[in-house]
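Going by the order they are written in, the chains are A, B and C; count residues from 1 in each one.
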Amino acid sequence: MMEEKYALELIMKGKRVDGRKFDEFRPIEIIPNIIKNAEGSAQVRFGDTEVIAGVKMKTGTPFADTPNEGILIVNSEFTPLASPDFESGPPGEDAIELSRVVDRGIRESHMVDVEQLVLKPEEKVWAMFVDIHMINHQGNLIDAASIAAVTALHTTKIPKIELAKEGEKIDKILRGEYEKPLPAVHIPITITVGKVGNNLLVDPNLEEEKVLDAKLSIAVREDNTICALQKQGSKELELSDVDKMIELAIRKSAELRELVKEAIKEARKE
Amino acid sequence: MGHKSDIKLIVDGKRTDGRELDQLREVEMKVDVVNRANGSAMVRFGNTVAVAAAYGPRELFPKFMQEPQSGILRVRYNMAPFSVDDRKSPGPDRRSTEISKVARLAIEPSLFLEDFPKATIDVFIEILQADGSTRVTGINAASLALADAGMPMRDLVAACSVGKIDGQLVADLNGLEDNFGETDMAIAMQPSKNKLTLMQMDGVLTKTEFDRLFKLATESCKKIYEMQKKVLKETYKRV
Amino acid sequence: MINMMQEKDSDSASASDSGSANPREPSIEKEIAEVAKEHPEVVREVVLPGEFIADKRGRKIGHGAYVEGEKVFSKYLGFPRIDEFEINVMPLSGVYIPQTGDRIIGVITSVEISGWFVDTNSPYLAFLPLSEGVEDFVDTQRTDLSRFFDVDDIISCKVSRVTKSKTVQVTMNDFIAKKLYGGVIIKITPTKIPRIIGKGGSMIQAIKQATKCDIITGQNGVIWIRGDSKTKAIEAILTIEKESHTLGLTEKIQKMLSEG
């Protein structure tokens, strides 16, 4: 275990604890279809950080303001097994923030064609529940969680369903039998850029996260449009910082997107 | 447990997944899977997957919970929302609260808690995939996680499920058997001391049936114990 | 303490490789099996909690073992140490639990009226009484003790007393005890400190010489390092911690130290 002071010293000298460059990610692993009971799932590792996302489909009543669109709900669990700093109980502010940031990246990018998820117009739609479980926290949970959620949704299959007939209440979802893949079109990638002094770095590990002045999470779609932004951390960002951070995020998102595409392709072969 | 159904759980002496009556599912065990924790393990029985992490001994807050003469053990069993067919709402419910308690009592007698007065040992069990027998899979993982963490223990804890399905006694129930069988029983023991630390049963059994089922359970636990020993020895062999 | 070598196989880290309970590559396993055949004393297996080690035969039982009747069992996952006088087990890992006589590196967490509280890298906070920290007479009514030791100061000290309910007292009244200025501290698994020190201190000396750093190790797993090349020293130490089980570690470290 390292003192954060040491990580900070190194960064100010232009180095990182594990020898990476400031714009380098840890080794990334993306494994789709890892949870059999889920309609879609993915396990993602950034170095030793590990998260698992699972997608479960249920039917529901659409929201009043979007009566002909499917529903997306993103939830994250900072499971106490993943870190000595996580406690049991309802999601704290960090878990809630992560859920909402991942949600926005997916929702705002229009990644899923939600109009195709209508079962009975204005009455019944498919609801996609994306649950992200932290397994080992060694920093940069947001980026890992986003990639896990995006990969899981892209490899989700919609189960067959027998809608409830007149007078019946319950629809019968035939889990294990699939209608078609979830209509997922875009691939938004979230890159969190951290700032320490005048240095910008991506994929902060656990010690580095503790010494960041501030960080900015940026969700980028494949056409390089930005779909979501979230600043975190207690210090301010210069306006010029913002520009540089976004440029860096756009550049790195293209690299990570290739890995996600590869994983999705492999999954579809099965 | 014991839903009425037309499903035949045993056909020609073989179970729905092709197993013999006393055969365990394919088992996988690994330790040191969560490196933030002091110790951790993953255990898989067929499609049931549990990950356990152990933290401690560490300071216990709030202070009024501290025991001056002994440490305490806290266990939290939780099922991930995506682990089951019908998504489970996150957070503890009455079932997981009860399982957390019996899991704690299954493990506690093995720990030398008196070595850590005022401290706590926290064990977290997450079920990532559920296909029957999740509590015993979780306890097997917790036992490995505690050994991996360097906790002083009297013995490892091995746990397994057994039951009566279609009138026959079987070991290691999968989800279907758990739901539609007549009886299911979960046990945990300290295998080298032949001491029982957990026993829960649902269903109806005659005394004779119980004796046979209990024997099947203890034999299965011993098989599981051998696997636990193997993974620990193989992982930490020194050259 | 010098000959102890414990390790954790860090190759077993990942959770998702499906279907393998054995984390090492087949070629390494073959090598180990060959070495085991020719030199059975070199390949050692760990003992598990609850595993039978030996019959007591009047010997002393160390804190890593327990007795049932005449039979002695292991409490830990670790390596047994058996000789004619004592039966004990050294755990592979585990949190530091203070014992009287241990020499540790602590960090001051608060300044009190008659002493200081010290973080010992364990579940138990220690107390350094004024009389054990400072030689001269101090008027506690007038003096703020932070002039001697302040919050976040790093000290090398000795555990002078541990009660049954683990109230811990430390002292600076020891020939190696002192306040440590500058430098950084890192924490490793306490059971691996002997490996960092090496046979007769050979490993730690090699690191100190190659990096020209001041390094002090504490039995509580805390290591203090000061010097320009501390990065190199830290890298060497962390490598030893991670790979303490492998063949040829000494050579690898020597190579690491002579480069860069």
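Heads up, the rule we're going with is that a residue touches a chain if its C-beta (ideal position, glycine included) is under 8 Å from a C-beta of that chain, and two chains touch if they have at least 3 such contacts.
Nothing here was measured: the structure is a model prediction, and the numbers come from that model.
Student: If you average the C-alpha positions per chain, which one ends up nearest the average over all of them?
Tutor: Answer for the innermost chain: B.
Student: Counting only C-beta pairs in contact, which pair of chains has the most of them?
Tutor: B-C
Student: Counting only Cα atoms for the centres, state how far chain A is from chain B in Å.
Tutor: 31
Student: Report, in whole Å, the distance between the mean C-alpha point of chain A and the mean C-alpha point of chain C.
Tutor: 39
Student: Going by the touch rule set out above, which residues of chain B reach two or more other chains?
Tutor: 33-35, 51, 58
Student: Multi-chain contacts in chain C: which residues touch at least two other chains?
Tutor: 13-15
Student: Which chain A residues reach two or more other chains?
Tutor: Within chain A, residues 48, 50, 135 contact more than one other chain.
Student: Which of the residues in chain A end up touching chain C in this complex?
Tutor: Touch list, chain A to chain C: 1-3, 5-6, 9-10, 15, 29, 31, 34, 43, 45, 48, 50, 135.
Student: Across the complex, what residues on chain B touch chain A?
Tutor: Listed in rising order, the residues are 33-37, 40, 47, 51-53, 55, 58, 76, 78, 80-87, 90-92, 122, 124-126, 128-131.
Student: In their shared complex, at which residues does chain C touch chain A?
Tutor: Against chain A, the touching part of chain C is residues 13-16, 184-188, 231, 234.
Student: Would you mind writing out the residues of chain C in touch with chain B in their complex?
Tutor: Chain C reaches chain B through residues 5-10, 12-15, 18-23, 32, 35, 42-46, 48-52, 64, 66, 73, 75-79, 91-95, 97, 123-125, 164-166, 191, 245-247.
Student: Provide the residue numbers of chain A that touch chain B in the complex, in ascending order.
Tutor: Against chain B, the touching part of chain A is residues 35-38, 41, 48, 50, 52-56, 58, 75, 77, 79-84, 88, 90-91, 129, 131, 133, 135-138, 175.
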